[in-house]
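Okay, handing you the structure first.
A, B and C are the chain letters, set down in written order, and residue numbers restart from 1 in every chain.
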Amino acid sequence: MSAGAVVTVLELVGLYVFATSGALMAIHKGFDVVGIVILALLTALGGGILRDVIIGDTPPPAFAHLTYLGIPLAAAAVTFFIHPLAQRLSFTVLVFDAAGLGLFCVTGTLKAFEHDLGPIQAVLLGITTAVGGGVLRDITARETPALVKADTHLYAIPAAAGAVAVAAAHEAGLPMPPVAVAAAVFVFAFRLAAMLRKWTAPRAWQRRPPADPS
Amino acid sequence: MSAGAVVTVLELVGLYVFATSGALMAIHKGFDVVGIVILALLTALGGGILRDVIIGDTPPPAFAHLTYLGIPLAAAAVTFFIHPLAQRLSFTVLVFDAAGLGLFCVTGTLKAFEHDLGPIQAVLLGITTAVGGGVLRDITARETPALVKADTHLYAIPAAAGAVAVAAAHEAGLPMPPVAVAAAVFVFAFRLAAMLRKWTAPRAWQRRPPADPS
Amino acid sequence: MSAGAVVTVLELVGLYVFATSGALMAIHKGFDVVGIVILALLTALGGGILRDVIIGDTPPPAFAHLTYLGIPLAAAAVTFFIHPLAQRLSFTVLVFDAAGLGLFCVTGTLKAFEHDLGPIQAVLLGITTAVGGGVLRDITARETPALVKADTHLYAIPAAAGAVAVAAAHEAGLPMPPVAVAAAVFVFAFRLAAMLRKWTAPRAWQRRPPADPS
């Protein structure tokens, strides 16, 4: 499979899993079917549109190709019917979000390189693409974004690690299809492990208990 | 009246009513006059700037023509003095928001066509223009956006219906001035009816009560 | 010192103080080190990226020069260790935010002029640059933005005053280095005075107590 085809597949799977995380969040919050569709689309497309607007690639492909709409819609529909299979919705949201994180930090970084940006910029845009959809989903659903929440077990670090790995491999001229897949899987596993083993990043010394209600 | 003039009038009225919804929301939340002006400007201009940035039409006209500032400011001023006429502020916000929804889903869709986008893209951008200002207003005022709130009676569906109607009429070559006005009125009426008759869209099966506090 | 060098220095100091306000907010909310870094970067770069995307200057310089990353990171690191020196974190956030407000309303207005925008547009973009980072910080940290909060003592008015002063001086051909520094100091002092003397802007007449919980 060619490098471009691999990246496209990763991006489509990323759209699906992020849309699923958005739909699950909407169901968890009791939104109606319209809210479910909107949150699915916003989570799936948000990070990519943010990146495209920053790069200057307007109108973004999400508005140009029906696939970018069809896949999140399909994910929302599937989730609408099979979500009772999930025991704890809020945890399942994070599992699908972790998958999207891995896939999009890879495709986002690679897309930045396609637009002739340097490695540091590509890493930043890869991270932005990976976390952007989740942040928009959380803010719209009135949750503290998983990106910054006090008890989040490592969210941006796995995304950053994946983006850095992909950028380094790109600069070193390594073959991208296996690197891309490996990085996506690695980030997903890293994030899942952090969630399950409750790895946390250090906090600042607190004089009094923190003010965050969540 | 020419097609362009009709669209311009619709857009100016849309700016006014959306600004009024923002000012009413700010007064409802007890914001000072600066917060009232800001929320009025944000609601009136937010959806259009979002659409312009996505299309690539930068700097957006809102930053180029004083009318785009003057009309929301006038609306904020008028609202500042006559808002006690409204019995229930939160409901009145939604009435003005419904009017803006109708007007902007039409003008947003038409603007996308002016930039040579296809019908599906035009519909998406019309919906974005219509709901964007309201979402920004709600997020800034710390409300769950009416777009996704659990007990919202059909918000995006009327906007989508209007955008689709305008896009279909455009593709069929129908004369736009009457279609544009009719679509705006239809969306406004549709949304008002949904609010008053409490039409709701289906929800997903819930194992336990939903987690949304509002 | 040349005009360009003065503006650059003002911008770098602005990055530092806004990043500090973001880091302090994150520590106040109990975020971990990743959340602290993210909130610092978001507050420092958010207003500028918003302005650059609206102007059409993409990719924004923040993604092109390491200094734009290094300074917020340094501010976050310093804040991480010396924040216990602050007696009241939430007040200290606002002090650093006031400094950033002054610096960025000046540099934002001047950057708009560099891109050949007119004075009204430059003022609007200067205000956007000044308040944008703080709004993004507050929304992400789940606070009502200081920009619109009911008990905020004059936030946008000082920023607007500074932007207007800079634009007027630019149109009058006054030498910019002293004007820029004076305007930044003036806005900082104006905002601090408003905070300490609790100056408020008028509110609208309220039939019942306002609905804002904060």
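Basically, a contact is a pair of C-beta atoms (placed from the backbone, for glycine too) under 8 Å apart; a residue touches a chain by one contact, two chains touch by 3 or more.
By chain, UniProt protein names: A, B, C = Trimeric intracellular cation channel family protein.
Predicted, not measured: the structure shown is a model, and the values here were computed from it.
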With a Cα-based fit, what is the angle in degrees between subunit A and its identical partner subunit B, given to the nearest 5?
120
Same or different, please, for the subunit B to subunit C contact, judged on whether over half of the interface numbers appear on both copies.
different
Determine the centre-to-centre distance between subunit B and subunit C, using the mean Cα coordinates as centres, and give it in whole Å.
29
When you check subunit C against every other chain, which residues touch at least two of them?
53, 56, 139
Tell me, which parts of subunit A touch subunit C in their complex?
53-56, 117, 120-121, 124-125, 135, 139, 144-145, 147-150, 152, 154-157, 200-207, 209-214
Contacting residues of subunit C [partner subunit A, same complex]
26-39, 49, 53, 56, 58-60, 63-64, 66, 69, 80, 83-84, 90, 139-142
